[in-house]
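Each chain carries a letter (A, B, C, D, E, F, G and H) given by its place in the written order, and its residues are counted from 1.
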Amino acid sequence: ERLGMPEAVLCAGKDMVSLNSIVAELAARPDHPVLFTRMEAGQLGGLDPEHRAALDYDALSSTAVLHGHLPARPGNVAVVTAGTSDLRVAMEAARTLHFTGVSHKVYADIGVAGLWRLTERIEEISQCDVIIVVAGMDAALASVIGGLVGKCVIGVPTSVGYGVAADGTTALNAMLASCGQGVMVTNIDNGFGAACAAIRVLNSLMIKESSV
Amino acid sequence: ERLGMPEAVLCAGKDMVSLNSIVAELAARPDHPVLFTRMEAGQLGGLDPEHRAALDYDALSSTAVLHGHLPARPGNVAVVTAGTSDLRVAMEAARTLHFTGVSHKVYADIGVAGLWRLTERIEEISQCDVIIVVAGMDAALASVIGGLVGKCVIGVPTSVGYGVAADGTTALNAMLASCGQGVMVTNIDNGFGAACAAIRVLNSLMIKESSV
Amino acid sequence: ERLGMPEAVLCAGKDMVSLNSIVAELAARPDHPVLFTRMEAGQLGGLDPEHRAALDYDALSSTAVLHGHLPARPGNVAVVTAGTSDLRVAMEAARTLHFTGVSHKVYADIGVAGLWRLTERIEEISQCDVIIVVAGMDAALASVIGGLVGKCVIGVPTSVGYGVAADGTTALNAMLASCGQGVMVTNIDNGFGAACAAIRVLNSLMIKESSV
Amino acid sequence: ERLGMPEAVLCAGKDMVSLNSIVAELAARPDHPVLFTRMEAGQLGGLDPEHRAALDYDALSSTAVLHGHLPARPGNVAVVTAGTSDLRVAMEAARTLHFTGVSHKVYADIGVAGLWRLTERIEEISQCDVIIVVAGMDAALASVIGGLVGKCVIGVPTSVGYGVAADGTTALNAMLASCGQGVMVTNIDNGFGAACAAIRVLNSLMIKESSV
Amino acid sequence: ERLGMPEAVLCAGKDMVSLNSIVAELAARPDHPVLFTRMEAGQLGGLDPEHRAALDYDALSSTAVLHGHLPARPGNVAVVTAGTSDLRVAMEAARTLHFTGVSHKVYADIGVAGLWRLTERIEEISQCDVIIVVAGMDAALASVIGGLVGKCVIGVPTSVGYGVAADGTTALNAMLASCGQGVMVTNIDNGFGAACAAIRVLNSLMIKESSV
Amino acid sequence: ERLGMPEAVLCAGKDMVSLNSIVAELAARPDHPVLFTRMEAGQLGGLDPEHRAALDYDALSSTAVLHGHLPARPGNVAVVTAGTSDLRVAMEAARTLHFTGVSHKVYADIGVAGLWRLTERIEEISQCDVIIVVAGMDAALASVIGGLVGKCVIGVPTSVGYGVAADGTTALNAMLASCGQGVMVTNIDNGFGAACAAIRVLNSLMIKESSV
Amino acid sequence: ERLGMPEAVLCAGKDMVSLNSIVAELAARPDHPVLFTRMEAGQLGGLDPEHRAALDYDALSSTAVLHGHLPARPGNVAVVTAGTSDLRVAMEAARTLHFTGVSHKVYADIGVAGLWRLTERIEEISQCDVIIVVAGMDAALASVIGGLVGKCVIGVPTSVGYGVAADGTTALNAMLASCGQGVMVTNIDNGFGAACAAIRVLNSLMIKESSV
Amino acid sequence: ERLGMPEAVLCAGKDMVSLNSIVAELAARPDHPVLFTRMEAGQLGGLDPEHRAALDYDALSSTAVLHGHLPARPGNVAVVTAGTSDLRVAMEAARTLHFTGVSHKVYADIGVAGLWRLTERIEEISQCDVIIVVAGMDAALASVIGGLVGKCVIGVPTSVGYGVAADGTTALNAMLASCGQGVMVTNIDNGFGAACAAIRVLNSLMIKESSV
């Protein structure tokens, strides 16, 4: 956190004994806001009731916040999704940005299958400092946005789809091989990481600005 | 050929003894036009000089034609490429269509990195009966065209690119997982197969028309 | 839909809040037929009861139709399967064709393990405008049909099988590398996409015919 | 060899110092026939001239024989190929069988793209004790023969082809997942191994017969 | 079956409506023994009670037999496993052999981690006409037996293990690349296919013998 | 270019006819600086001599510049490499930054095998606006820097190494799965793309600053 | 065991009939301590109650011990983990070491995302004879420790993480390609194997020492 | 080197400008012995003649030594290979051990295809402190030795072979999944790394011994 990054606990794969002990420790530090990611409903249910009550839990993004969010920062981020099914991942990014105090807006379900949906919003989207593009399957949306905007574009491939698409590798590789030059990529379904990357960009910005 | 398909010899992987014997046999049947695909310059050079002289060879597509082309057929095909590097594959498709007597036009280097290049030509492209889209890397062009046109769209992934793109698997999978519903796909770099697929579609058409 | 393609909602991966809101919105437009694909029994059960009642649901293909089907169109399609286990995917194609108003017939369990089963029906199958071949494991049926018929052949690899076959990649690659030239391929288990591809072919046909 | 198997030296990957020393040692044992496989022309050229002269080298199969072949054995084997490009591998099998004294016949270029080519010869092929099927790309020929004959069928996938076919994995997996039950498979391009497998089968046979 | 092969129904992936209809049809033909493979307990439970009662079901191998087994044939087969966990697959082979009337013996848990276990039994094993080796993980047992016996050796890789071993690909590839020349391989976990392959070998044998 | 991005021509995979025509066209526009990437020595040699003379070619990075570079921009970038072998890729990034007018410094051969090399320079590196980390094999350097600095970190995996490392996939995946949260990644060996990504970040910055 | 290695039964994949029979047999030999690994809670519950009671079961590591542990041996081992989620695997190693009588200490959650956590303990860790590093995702910790310590370092990649990390292949390959020279690696999640490897090292040590 | 590890320069992938500058720098420090690995003949030829003359180059292992070797250390290592083709990798290990002053012996071509070759030498091999097993293809030798010896066994998979074996992944995975418990593994073809791992083990030993 001394790096200007959010403190987060990845709950996936943690046994309940360890998780309860981590939550207990953090609950005792009220001045220290923490984000929990990938917390399954089952894990939430297995927490000590008093700690569970202290958490602000969101089911769609599987995130929970303890002790409120960080102070507002300059900069704003667009979180764009190709389809409705990409929302879980987009909301993980949005919740992380909210927790960190970063202004943002979600533009859902505007993939290239119906190009006019993007065309109508591209002007507004291109006003943001950073654009996070969340897309599965062919992930063509990242390339198209990368070709239309010269700002920082961060692609988050999702595991949405089936057959060759299902584990997100196709979306990941399509983003990495994107003809839209300079599109950056995170791990599959890593909405948290994309938000952190955006925060890194805004960190540079903040320092620049404050030193003006 | 009795199926209305072009007769073609795939030269890749054939030893010169076998290839020379195949060419000799076919050269003796002047009423029987044949297409040779993936004939390397080295293979051309290794042919018996008299047979080599009888071939109409094209270096960019690595194809050769013996005994002229088939009579003209109804229907027309658009062959679209994302980049200049996809031309080798696109020209294999174009040469196959030409050999089979099918009218066609090549639209090169109009990938989504510069979307306006496509926008300017999409009206004309959508007039064709079949659209072959040749693209490597993220192959986003196939999805975009599939979303803009309701005719038959055949995607040919290419091995153009490097890193995660280099063997064409990313382009292949992106086309297969395309959000443009009903886009059909051939093997990587298979311009010949895409032309054959287009001919299959036109075969159905011809029969329909002639029976009207 | 303005492209002559069916409007479809892919339910796989959608959370119930999003799905219920999509269904509610579409239910309010009775003149607007819609197809739902990959709707699990659990998702059907989670819908608002009034909307659930309005759906024509089919368990084998996991599809549901809202507000009836589209008007009949010219053209007819054969849907062929190698084994009984490929039926789920074949029925997704058949339901999509039915929804779109396209005449079709299913030929099930006629794979090459018993070649006579195909031989007996190939004459009838080759009368159709488009042939969809649904097969898993070695997918040899697509190659054999591609070698016997010159019409448009669309291969749908399935994830039927186990070991090297189980995720459908073997069937997919075998179809892509098919020695039956010009066989086109869709994503694994994508019966919907194959039907859409067939509709694209028939779209070209319709325009041709109507302009005769 | 005490197991009734041919003694063979795999030359691929051996440095010339090691290879020359192996050849010298074996050349000194004239009563001891040996087969060299995957001997590149360059390796042949790098051998000591006197040893090179003693070898019976075949370029197409990249095999060489030293000190003649083994005595004739009972049994006979069909070696079938789908295409002309599969000949290199088929000839490696044929040379191994010849070296071991096993009667055999090669049936080349009878793949399922033109099913009648197989139909004309299947009766004759099914008379053999063992059938080796050499095929690349979709390898559908192995499944079709497996469905037509109840004798021992050994599939040899080849690396013939390009795109998804090129390294032979598609042919390998298609053979392993074959709907023709009980088809056995060897490594890609392993004509030698297929011949050895056939010899193992004939070994069982010989023992049975001699003990009758 | 006219090929001398067992008739079998693969239950995996079949919906209960299809499966019940197949079983009903076969139950009506008492002179026609049939083997069901990969029948899950859930599928057994979903069968019409009268048909369920008619089946001889074995839980370990997930097989069921209807209308008894085929008459005894000449030849005998060794089924060897590396570990106890490979038993499910080995028993599928054994049940298929039993159903087809082939004499066989199972040698379980004699992998190379304790080489003496193999050494003690290799003499007896090598008396059989065909040896089926069932092994997962490194599958080293197939190579060792292939090096010790000159008879027909059929490797069945299993999906036993975890990490790089878990899906059976490592065992499959190790068997395919075996230094024991002429070892033949089936699909992962395909005990049924290995038994069928053994039956193909014995078919050749039977014909030979009866013609002596 | 209207997006504030450098105009670049990827030479890899282009035939000489196409490449010469592209260069000729661009050479005629002296007010229009252009960058050529992945230009092999062979391609340079195949250019028309007059155009070749006009290019500023760099062999290590395989880049060429035509008509000088763009005007200087605010912002500065650190290009860090793990090993000496990563220099080719790092220099492609550096040349792209230089061409675009971006101040930068290269820190070579400071991988984690000798952690002190990094420790000595981390203070200086963390002063830059953007940090590009070029690393192959385990790519651990990206994670370590990501853990020490809160600014924008862009990882470029390289194909340096052999065995499991050789094609760069291990480095790519390690960077994507990095425990250093918010590290962004480009395609393997894509120094150009990393520079473009850095320019996108600086574009946001410039706009912010100029609007202060 | 005559090799100085622990006797262990891998429960994963074993059916309950086989497992109960193995446990019964071993329970009858009280002088013979045995370790059970990968015993799921379900398997424990399926054991005969009397045997279940005799087992010392640990849920986190899924291990059980029968008849106590082996006598203490010389040497000591550090078991280091990158994250809390790696504990299951680390505890499998620790339980195996404990069972075999080897002194050890677990250092948990000291990955490179917060480098100071490692720095504080590296001195103590480097005092041990063998260091086992348990890490998933990018597994950078193994490289960093390998660069700081010259003793025997054994890497255990874990399947912790998601996307490109989830099955442990990325961690495995990153460890194999580690820039920390001479780091040895085991299978994914194989804490047992790492402990056995450490015991092999200590076996050499013991013999050396006792012969001093 | 302060860790007791050899100092080595990996030449693969280094451009000649960088390599010559590295060699020049090291040549100036005569008290500082250095090992060069993976130095191709072409690279050797491109060195400044005076430096080339100072190198002790070995073509089979592609290694070169500058300024002699390190003082002798206690301990001894067996380097075992399955086949003759594995020698290049085994000699890289042997040269590294020699350079570092470690006593060792190479046992070549004793793979399990002829088990007696191993049986004759296993007694002698098991006397060594560390056993390095170099094997490609199925790598069964590592499992067999791991089952026969309780000392430290380090497996080095090689890229020897073709088809599924050719890139060494099969050998790598077979070693990782070895049924010989506690076998440790290095990267494919990494003879250098195996020697370094052995040196790490001996480092622990030396310290133990000297402190006795």
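Assume contacts are C-beta pairs under 8 Å (C-beta built on N, C-alpha and C of every residue); 3 or more make two chains touch, one makes a residue touch a chain.
Values in this document were obtained by computation on a predicted structure and should not be read as measured data.
Relative to the C-alpha centre of chain A, the farthest chain centre belongs to D. When the interfaces B-C and A-C are ranked by how many C-beta pairs touch across them, B-C comes first. Averaged C-alpha coordinates put the centre of chain A at 50 Å from the centre of chain E. Taking each chain's centre as the average of its CA atoms, chain D and chain E sit 26 Å apart. Averaged C-alpha coordinates give centres for chain F and chain H that are 35 Å from one another. For chain F, the set of residues touching two or more other chains reads 148, 161, 163-165, 169, 172, 176-177, 181, 187-188.
Taken together, the chains touch in the following pairs: A-B, A-C, A-F, A-G, B-C, B-D, B-F, C-D, C-E, D-E, D-H, E-G, E-H, F-G, F-H, G-H. If you check the complex, the residues on chain H that touch chain D are 60, 84-85, 87-88, 160-165.
Only residues 10, 12-15, 17-18, 22, 38, 159, 168-169, 172, 187-190 of chain G touch chain E when the two sit together in their complex. Every residue of chain A that touches chain F in the complex is listed here, in rising order: 3-5, 8, 129-130, 148-154, 172, 176-177, 181-188, 192-201, 203-205, 208-209, 212. Within the complex, the chain D residues that touch chain C are 82-83, 111-115, 137-140, 142-144, 146-148, 161, 163-165, 169-171, 173-181.
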